[in-house]
Structures are given as structure tokens and as C-alpha cells.
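The data blocks that follow each hold one structure.
Each of the next two complexes has chain A plus one more chain, namely chain B in the first and chain C in the second.
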Partner chain A sequence: MLNAHPDLTSSVLIGLGWYYLLLFLMNFVWTIRSYREDGEYANGLPRATGWATYSSILMMMSAYHFTYPPEGFLISLPEAFKAPFDRYFSNPVLYFFLTIVGLWALIALREWWTKPKVSFVLLNASLLFMGLSLTDFDFRQIVGKPDNVPIVAMLFILAFCTWISFRRAVDNDRRIAEGRPLFEQEDNEKVLVWPDLVYTELICMVVLTAVLIFWGIALKAPLEEPGSSVKTPNPSKAPWYFLGLQEMLVYFDPWLAGVVLPSIILGGLMAVPYIDFNKLGNGYYTFKQRSFAITTFLFGFLPLWVALIVLGTFLRGPNWNFFGIYEYWDVHKVEAANNINLSEFFWNGLGKGLPKGSGLNTILLREAPGILLILGYFMVLPPILGISVLRTYFVRMGVLRFLVFSNLILWMAILPIKMLLRWAFSLKYIVGIPEWFFNI
Partner chain B sequence: MSVGEYIRNSQIWKSVFRHPAPTDRRNRVVVMLTNFFLHLHPVSIKQQGIALSYTWCMGGITFFLFLVEAITGVLLMFYYRPTLEWAFYDIQALRDVQTLGIMREIHRWGAHAMVITVWLHMYRVFLTGSYKPPREFNWVIGVLLLVLTLLLSFTGYLLPWDQLAIWAITVGSNMAKATPFLGVEGPGFQVFNTSGYELITNASDAKFLLLGGRFVGEATLNRFYILHCVAIPIVVSGLTAIHFWRIRKDGGISQPL
Partner chain C sequence: MTDPTPSTNDILSKIRAAKSAASTEAAPVASVPGSAPALGAKPAAAEAPAATSAPKSTADILAAARAKASAAPAAAPPVATPPAGTAGIMAAVKKQGAVAAPAATPGKPADIMAAIRAKGGVAAAAATAAPAAVAPVVADKATKPLAAVAGLSPAEMIRAARTAGTGEAVTPKVVLPSKPLPGKTAVGKAVADVPRRSVLSDLLAVVFAPVVVAWASFLGALGAAGLGLARFMMPNVLVEPPTKFKIGPTTDYAPGTVSTKWQAQFNIWVVNSEVDGVRAIYALSTVCTHLGCTPNWLEGEQKFKCPCHGSGFYKSGINFEGPAPRPLERVGLRLSEDGMLEVDKSVKFQRELGQWTNSSSFVGVG
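Here is the complex of A and B:
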């Protein structure tokens, strides 16, 4: 019989053995905590029993990985899961919508998911999912690339930080509602920096140094073949922190995705303190008092920055095609792309055909629908917003501040808008003037 | 008299540390005021301002990582030669042969970590509303430091001169070509090329400025090396100093004055 998992070498299994051992230790500590704090069921059984069982399973999994030879290994994701997962769940459209739903859940269900038990279950689920996925060769290829390891670590650290901030925000919002002092106002006496801060810093530095040295020993920095300007790798990727921008190249030309939008992101970040007129929420975690600011920021940071980096790093393969997490990066994968411009929609829709010619007037006439749309979007929409839905903002901000604010919001929205137009109508350019490199 | 006491009572020790060990309240105050490295800190501080669950320590970690990068970077500069002939093989030797070649690993992982901690620092600052008055401008400096951190990492990415390096920089710098008005494939560059003069060509546009050539080559390596090791670190050091100074002047990391 053919070996179903020829790639599960013993080093992979031993690595996973350590992984499950750590997972076991984590859950073992949690079991003790649960035994002490959660009490018993009515029949006298400790509530920690479930955790104890789960921990034992993890320990046995760890032992199994350490001892079992690669042949006929039992614990792995079945093809019956991986193939449909790649086929039905792996495309940029669903990915983007899931990140949006995730953001919505993050905010709407914040009282629920920040509970230690719930979040611990979620953490366990994601770690177990990752552990099982690591038995897949293609998943390991991409997640285990040395430069990608920090990104995986970042995702867990980011999740942890988000958890802390939301937990504290939920707590503070409750305190505000009940008229109690904020968490940050309790025990807020002045203390001496020596020893309270300098020792924290010292410990932090020692731990970090140890982490960096361990990391440097455990994982070699990548070094590929000597650089050659003739051999173009496929895919060619920018450094990982720019992959969100590279992903935008699918929807926008380089002048927008690579120059204008990054500049606007930075300009917009710098403008934040000057357009956020809300005096509340200064120096403590809260959500309710700054719901708009925090939602907007999270929208920009989580789905539009971090999730796009994850997409660009882990899910974009040769020719920048989308690949499922268990899918082989096939250079010959073909994705049909028949995208058409707004001008073609418009003029063909009128039954007239595109105005032909390369004169200035012809080009402007040809692209008139798109140009009007863009002008309307950036020039007509802000005043309309100002006297309708965003009226309160307009009144409190004044004209100039409001124009900057509304334009930044509109700039932020053009990426998801263009994505939706692309997916729904195969729209290539809203304004397409390749003669001047002016495509939007 | 024990040896420790003898040393602490010697003239040399007292000339370095101008006060007794910080074991009582008075000396714990004095140490903060007289020690150059500690005087970045205030003498006393609100408890919440140093609570890990509040600050996540990310700003401090970022600064520490910057120092790690500076130290490992200087050590690497003793070994690495930024030329097409040697760049790759020097890094290869660091990996395979050289004692303390691990400096390169630490440098690279520290760089990735620094990008991440800068983001998380900004995340915390945003979520606690710490950019609000009177700290607006310090947030702006922080955004500049974010840009410089990314540029430091980007310029350093090229130096190993392997396939990963040159193609990542090629992809990144191709964007410069599309800069509006200043790139040969950017909208509006034609306005500089009227009446017979060709101001913006592929030998004079934004990409050329960035790379020092039409494509990633020896001039680029030299350019990025200087940016990475000298130019950007100097600017970062200056802005960091201002960033820290303003934290003190604005009354701590967070909360209204």
C-alpha cells in the first residue's frame, strides 16, 4: 500500500510532539486553575474534568508523536477535509468577507468572547487546528518558511493584545455604566521608578535577549541562491510587511496601490489626533465612549492591513493566484480574468460602442462616466454626508477638519469598494486611461 | 569591611556613582536624577503608567530592539562587505562558518520583531486614546518612526544579496516608477516632458533615485547600505530622542495632564 503521508518525517513528528507537549502543559495549568475556581457539578464531579480529559488526550498525542514511526501515522487531517476546504472556502472573496464578519463578531460579541473560558477555548481551537494542519506538507511549506514564522507569531500576539484591550474595555464600559471608578483609576498611586519600573525593564530586556538568542539558534535566517537579475522567482514578493500593499495591486495600478494609498494611510494616521475631537477615552481602555474611532481603526488595521498581509503571504502563490492552505503551489494554475472597464460597460450599454480615437477630447468623453463618478465620490459625497448621516461630526468639526476626515474615510473605503466591484461585475478600471498611465 | 563595601567606598566607585546604593527612599530618588541612563525616566510614576496589562511594554521593547539592531548591526558591519562580489558570500559565511554568525540571525529576527512591536505599540496607543491632547504631535512623530522602521527593514532586506533580497526590492521599488509626476510610468509625468525637454526618463525618475540605477544593482547595494547603516539610524535616533523627551514633557505615556 502507498504511504499516505510520505512527508511526515520523524523530525516533523518530533517537532509536533513538542508542540502537543506544550499544549498539554498549557491545558494542564488551566485544569488546575479550573479545579480550584470552577467548583463542582451537582453530582460532585469537578468542573475541571473536561479540561483534565482534554489535557490527557493532548499528552497521549504528544507521546504518540514522539514514539510512533512515520509509516502509517494516524493523526493528520483527512483528504476528505482538506480538499473541500481548499475548493470551497479558499478564494479571496470569501476570505475578505470572513475577515469582515470576524471584525463584526469581535465588536458585537465582545462581552462573550473576552471571557477567559471562551477565549481559552478559541485559543485551543486555533492551536489544535494549526497543529493538525502542520501534518500537511503544503501547509508546512508555507507556514514554516523562516520569514513567515514571525507572522504566525504576530497573529497570536495580536490576538492576545486584542483580547486584553477588549476585556479591559468591556470592564471599563461596565464601570462607567454603573458609575464606578475606571480600572485605570484604581490603585493609581504614584510609585518610585526605582525599583518598580527599572526592574520590569531589566527583566524584560533579559527575557527578550534570551528569546532572540534562542530564536536565532532554533531558526536560521533565510538565505536563498545568490541574487540573479535573470532568474525571476515566481511569485516575486515584497518584504512581508508590504504584502498588504502588494495585494492591493490586484485591484489598483501601482501608482495608487504603491504610492498614493500608502501616502494616504500615513497622512491619515498622522491626522488622527487632529480629527478625533472626542475628549473621552484618553488614557484608558473603552469601547462605548469611542465606538466610531475604534471601529474605524480596527477596520483599517485588521481586515485591510493584517488580513491582507496574511493573504499575500500565505495564500498568494505563483502568478499571484490564490491558493488554499493545503494546496500545492502549482505554477500552471490558471485563473480566468476577463475584466472590463467602466467605460465599456457604459458605452456598450448605451449600444454606441466606445468612442474611438486618441485625442484629448475623445479620451475625456470615453472616460466621462468614470471621471464624473470619481469626482462625485470625492467632491460631492462629503458635503452630502456632512448634512445627512455625519451631520453631528460636521457640526463639531468645522468645514476644513470635516473635509479632511470625510476624504480620509472615503479613501479608506475605495479598496473594499473596488474589491466588491471587481468580484461582482469583473470591473477592471473605473477610469481607464492607459495612454497617461491614469487608471483608477 | 567586606570586599563589596570596600569597593563601594573606594574613590573610583564614588566618582562613578555619586550616591549610595538605591536602598532607601531618598537614594532611590537621587539615582534617577544623577544617572544619565536613568534620567530618561521620571522619579516617580503613576502605577497604571507602568502596568504591563496596560502598556504591553511594546514601546520599550521597540526601543530595546532598536538597540539590539544597532549593536548586532555594528558587529555585522565589521564583517560584511557591500559589494556584488562579496555581499552574498559574506552572509553565507556568517551562516555556515563564522563564530558569532548568529549575529545575523538575531539581527534579522530582531528586525521582524521590531516591525511587529511598533505596530502593537501604535495599536495600544490608539486603543487607550493616548494620542489625544496634549500628545497629538508625539503621535505624529511616532508615525514618522513607523515609516523609518519600515524603511530600515526594507533597506536591510537587500543586503544579503540573495534571490529573496533582490526580487523583494525589485517588486518594492517598481512602485516608485509609478509615482505620479515623478515616475516614468506614473500619471502626469508628461507635464515635465513638454517642449522638447525630457526631464522624467527611466534614468532620472523616482525609481532611479531610489535605486541609483535603472535596476537593482551595485549602486543600489551601496545606496541601501548607507541608508541602512548610517542615514536612517541617525534620523531614527534623533526622532526617538524627541519622542521620549515629549513623553516626559507631556506628563507620561497616557492620560490627560
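Here is the complex of A and C:
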């Protein structure tokens, strides 16, 4: 029987063979490093033995992929794993919750996960997970799409950048605690622009050009049929860097998610130097001295931007439904998405029904709960925060700066709040006045 | 402070610091009789040395000149002149190109005044010639009256100094209320007589005529281009589908169905369904009310579903899921005289505005 969606084909196996070969080489180098540096166990066995074993398993896997035919191939993810994974993890609430937990772990466990050995194990785990997942047809369709390859690469590059900054920060925090000089002060070996920097730049330029040429040849640009105003591709996705924005558009009115929120993001980032009163952490990596600033930034960047890009790229399928990573993109997947405005919740909850009519007063009365809620959120909450949780900030900043600061924080918080309300209560709009194109 | 070339901000901050210091300690001095005009000006006189104690850049010199311009009237009464202020004045006087001050001891105001008066004679001779640079002019205005009125009482000198801004021949009797303004150059009026003015105007005409011609032609060309653009917006031929067209008899659209056959050509769906208890045929625009994508009609789910952000609409066009804020729009539909349905896309009917009850938005059947 011909399978239209084969999980394994000979070309996939050849590709995975190369993948595992690269993994083997990577771990082989690591084994040599471990042999030189890690020393021995008590019984005289080198500590690198474990890595050597792992590397040899990878080499055997590579050879197995190169030589064995697809029929009866053993190494692949079993359905018993994929089906529950899809069922429980193809869920935006859980996904968002996990990103928040991940952010917490990133910060709380920073001393642990920035250790070279731990981070190398984590890298291996993620690469192995990806290699095994690539044996699934649907996963391959998503991850292997030429559009999405750079996003996969971006995830690893982003992880590396986060890792290096946290590693330096942890190191410096330890130095500060022990009273030693900072890494940047101790290791301030300055080099010349010419030739050191210019040579480095030249090499980077050549390597980058070579990578781009290779990439352009290996992965064809994903051209589609000619554009038509009456036929929208399904799913229709924004450029990858705007997928976070597109995800925001699911929860907000276009003018809010497309105009107001991006403007606030840009304006808020510009305002940061004027809001920030912490003079520490200038010119060196640190976490402890700037914990609030770094945590706030990472919250806005990782769960609210990068994670939404990943969500939009890998987890949103036809009709913008949510799909698991091993799930077939079924155009007819039915997902309950009935949404209700806050005004309907309120007036129906009172048992009165919505005030009918399109007069000014009727509309304002109808949306009064939402309007009051929004006004309270942006006008009552800042003073309350100022005298309670953020009191120290209020004292150091003064009224005007604190108001700008607290409103920016509240604007940032409104996105996850609205998402959670949508997921938990199917809330559509807090204030919904379609008559005036005004919906929040 | 130790920067060899201080920036404008440095100078300003120095001036502010000097000003606050001077105003606090100058308070008792200002109450000396005969020094009333110095009240406002004295802080400026005191600040001059702060900025010019080591004049190294043009900015310094300008700052000194400006400070002195306002300080000069105050400097005239010897009592009200702090030694530091006179040093600044002396420095500025030197810069101005006048004779070097003979008095080298700033500690004695009387000496300085004498020196200025003596120098004034020389400066007065030079004052009839128009100074070339603008920067000295400011200082020049302040010292010129001093030159002309050498030997007068301090009060008269102050009055004379005030009139210097007008640039007229200075006599002690001429008292004009206007204060000398730094930006106002007295040179042109002071030296110009009738024949020179006509030469000047001729020169101006020669210089500016091409500029006027160039701007006029530029604006003309711009206007012509604008007209051309406006014309471009109204093409001779419009290759757009007509807004009014016929889509066949009502029997083409079976009850309870959604026809997508006009979607590609005219961007409409024709629906025969029951809305608000009325069985009718109506035409829905295929533009999603969220961001304008084209939703798909899903027969199995009996709904329109937008692929961009997941908005969903019932067969009636009413939104029920996803972010779309309002129902799909209806376009005009009527039964024409020959029994065919005629769509008029030039009109829209929005449910949230209560327009679906309009009889032009549907054709009743059965």
C-alpha cells in the first residue's frame, strides 16, 4: 500500500545519517576535551568514558541510518509517544505556561545550567530530540520547510547568546560577591583595530557569504502560486519575525495589536534609558545588580516575542488552529473558538440581556463594565502599585517617571492577561464597540 | 572644567553656577545708590570671568562678549563693578580689536574706567567704520557710547550705552528706551547713506533675482507635476470588474446553500438561507472584517473560516469565533426586471449598524 505521508524514506534516512555523524563528531571532540580535563574516577577509569560510549553509539546510529532500508527501520518515535504528546501539548495554555516556567528556570537555575557540562548535555538532548522527531512526517513538513529552517537555527543561536550572557553574569556576580575584580577588568587585553578586528571581520564576511551561497543552493526559496486577492493561502502566515505580532492579532483588534501595541513597544524601548535609575551593570555582565531590568526584558522578549514566533511558526496550522508538532495539518480540524464579549458576560449574568440600541448612551451603558475595568487598570492600578509593590521604584523615580514606567509595565502585561482570559473564559473583547471600530 | 575646549553645555553650566553665586553675594552691593540699573545686569557681569577667564575657543569669546554686552552698562558705575567683572570686560575689549587696555590692575575700578575712557577716544574714531564681523559688533555697541561720552557721569554713560543699539550718533542728550539687543546689528543703518543704499539694493536685486526665478520655476514644475499626478488618478480606462452585474435567477441558488462560484470573479458569496426568521438570498462580501483576508467556506462545518487569524462566521455572515469584531458585510442585491438577481457592490450593508433590514440588502424568497 502506498503511503502518501511516509514517516521514513531512504533520503530521510541518509539525511539523518549525516545528522548523527555531525553529532558524533561534536561529541568526539568533547570526549577528547573531557579526557584531558576531567581526570579519572577513583578506580582509575577516565571520566571521559561516558562521553566516549555516547559518541560511539551516535556513530553506530549514523552507520545504521546510512545502510538500512526504510522498511523495518527501528529508530523512530513510536505512536504511543506522539499521540499523547500531541493531545496534551497542543494546547496554547500549557504552551504559554511552560514558557513562563522555562523563563523562571532560566533565571533561578542559572548557576546550574550555565555550567559547560550541563549546557552540553542540554544541547545534546535538544539535538537528539530533534533528530528523533525528524522521523515523523508532519514534524518534518513544518521544521524542514525552507521558510522555517532559519527559525530553527535562530532558536539555537538565541540559546547560545542567552547562555553566554548568563554565564558571564553568573561569573561576575560570583566575583562581586567574593570581592574579586570583574571579568571585564581582569581580562581587558585590548587588541588593535588593524589588523585584529579587521581580519576578524573579513573572515566573518567570507564565512557568512559562503553560508548564504550554500544555503541559497541547498534550500530553494519557497515560491507559491501567483497572488490573488480572492485566494488567501491557508494558513496564511506573516514573515517569521512578525509571527509574534500575528499571534497578538488573534487576541486584539487590528488597530490595537497592529498599531498601538507595536508603537508602545518601540516607544517603551526608547524610554528605557530615561526610566532606568540603576547605574550598576554598565559595561559588564551581571544579573544580581540588574535583576529587575533583565527579568522584565527577558519576559517581554522570550515568552512574549520569541515563544510567540515559535508558536506561530510551528504550532499554528490551517485556519490558524493550534496543532501539535506531530499532528497532521487537517484543514477541517474543528476547534471550539466561540468568543463572548465581557458585556455579554456581565449583562447576561445579571439576567437582563444586553441593552439594545445604537445610541451613544446605550453603547456606553452596554460597555460600561469593560470601560470601567480598563480605566481602573490604567489609572487606579499605577498609584496602588506605587504605594505597595513598587514603592521603592516610586520613591526613586518620582511621579512622572513612575507613571510612564508603570503604564509601560501594564501595557506589557495586558497581552498575556488578554491571552489567558481568551483561553480560560473565551473572552473576546473587554470593551467591544464594533459600531465605532473600538475594541479592546 | 579642565577640558581645553569646553562645550556649550559646559559654558552654560559655569555661567549658571557663577550667576547663582554672584546673585547671592551681590545683593548688598546692588543696594548702593546710583547703581539701580545694575540690578539685573550685575550677575551677568560677575559671570563673565567664569566663562572667559581662559578664553580658548570662539564659543568662549562669544559667551564673554554676550555677557559683557549686558554687563557693560552696569560696569559704568565704579561702585557696582566687581573686579572680576572688569577683567572680563577688559578681555572682551581686547578681542574687539580696540586698543589694549593700559590698566593692568583689575583691582582698581577707577583705573579701569579711566583706561576705558582714554581708550574710548581711539575707539570712537574707529567706530565710524563698519566692523566686519558680527561677534565684535555686540561688544562694540556697549563700548561705543563709552567712547563718545568719555568724561561723563556714570548715569549718563548708562543711558548712552542703552541708546547704542540704535546706532545713531551718540550724544548724552539722546535717550531712547530701547535696550541694546545682541542680535540687532547697528552697522547698516549707521554707515549707509543714500547713494550706497541704491547700490546695495541693485546688488541685492542682482543676487536675488536668480533665486526668485529658480524658486518660481521649481514651484511651477511642482504644481504641474501635482496636476499630472491628479490626472493619473483618473485613468481613461478602468480594468476593474463592474460594480453592478447579474448573477442569474433565484433558482440557481438552492435553499440552505452557499454559492462560491462568484468568489474568484466578484469577491462575493451568494447565500440562500434564513436570517432572523426571513428566508432570503443575500450576497456577502468575501473580505474578513478583521484584517481583510479572504475566508474559506467550509461546507462540512457550515462556516466561513479565515486562514489568517482564525475568525469564523456563520452562514449568515455573523462572526462567532476568532478576533473578527463584526459580521461580514452584505452588498446590494435586487431582483431586476428580467427576473435575474442583480448585485450592486457599490453599496455595503453592515449588521452592527442595523442595515441588514434594508430591503436592498437581500431578496426574499419563498
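Just so we're on the same page, the second predicted complex is superposed on the first by the 430 of 440 C-alpha atoms of A that agree within 3 Å, B and C clash if a C-alpha of one lies under 4 Å from a C-alpha of the other, contacts with A are read in each partner's own complex, and residues count from 1 in each chain.
Keep in mind that, in the parts below, a residue touches a chain if its C-beta (ideal position, glycine included) is under 8 Å from a C-beta of that chain, and two chains touch if they have at least 3 such contacts.
Since the structure is predicted, the reported quantities are computational estimates derived from the model, not experimental observations.
Engineer: Quick one: is A:Arg168 in contact with chain B, with chain C, with both, or with neither? Answer first, second, both or neither.
Structural biologist: Touch partner of A:Arg168: chain B, not chain C.
Engineer: I'd like to know which partner A:Phe437 touches here: chain B for first, chain C for second, both or neither.
Structural biologist: both
Engineer: Just to be sure I read the superposition right, which of the two partners does A:Asp253 touch: chain B = first, chain C = second, or both, or neither?
Structural biologist: Touch partners of A:Asp253: chain B and chain C.
Engineer: Between chain B (first) and chain C (second), which, if any, makes contact with A:Asn338: first, second, both or neither?
Structural biologist: In the superposition, A:Asn338 contacts chain C only.
Engineer: Applying the touch criterion given at the start, work out whether A:Ser358 contacts chain B, chain C, both or neither, answering first, second, both or neither.
Structural biologist: Touch status of A:Ser358: second partner only.
Engineer: Tell me which partner A:Asp187 touches in the superposition: chain B (first), chain C (second), both or neither.
Structural biologist: A:Asp187 sits against chain B, while chain C stays out of touch.
Engineer: Using the touch definition from the top, say if A:Pro233 reaches chain B (first), chain C (second), both or neither.
Structural biologist: both
Engineer: Given the touch rule stated above, what does A:Phe378 touch, chain B (first), chain C (second), both, or neither?
Structural biologist: A:Phe378: touches no partner chain.
Engineer: For chain A, which side has the bigger count of touched residues, chain B or chain C?
Structural biologist: Answer, by number of touched residues of chain A: B.
Engineer: First (chain B), second (chain C), both or neither: which does A:Phe73 touch?
Structural biologist: In the superposed model, A:Phe73 contacts neither chain B nor chain C.
Engineer: Report, in rising order, the residues of chain A that make contact with chain B in one complex and with chain C in the other.
Structural biologist: Common to the two interfaces on chain A: residues 228-229, 231-233, 236, 246, 253-254, 258, 437.
Engineer: Quick one: in the complex, what on chain A touches chain C?
Structural biologist: These residues of chain A touch chain C: 228-236, 246, 249-254, 258, 318-321, 331-332, 334, 336-339, 358, 428-429, 432, 434-435, 437, 439.
Engineer: Contact residues on chain B for chain A in the complex?
Structural biologist: Answer in residue numbers: 22, 25, 28-29, 31-32, 38, 41-48, 50, 52-54, 56-57, 60-61, 64-65, 68, 88, 91-92, 95, 102, 104-106, 108-110, 112-113, 115-116, 120, 122-124, 126-133, 135-137, 139-140, 143, 146-147, 150, 153-154, 157, 160-168, 170-172, 174-180, 183, 185-190, 215-217, 254-256.
Engineer: Using the touch rule from the top, collect the residues of chain C that touch chain A in their complex.
Structural biologist: Interface residues on the chain C side: 263-264, 267, 286, 290-291, 293-296, 298, 300-301, 305-310, 312, 320-323, 325-326, 352-354.
Engineer: What residues on chain A touch chain B, complex-wise?
Structural biologist: Touching chain B from chain A are residues 147, 150, 153-154, 157-158, 161, 164-165, 168-169, 184-185, 187-198, 200-201, 204-205, 208-209, 212-213, 215-217, 219-229, 231-233, 236-242, 245-246, 253-255, 257-260, 266, 269-270, 272-274, 276, 278-286, 290, 294, 297, 301, 433, 436-438.
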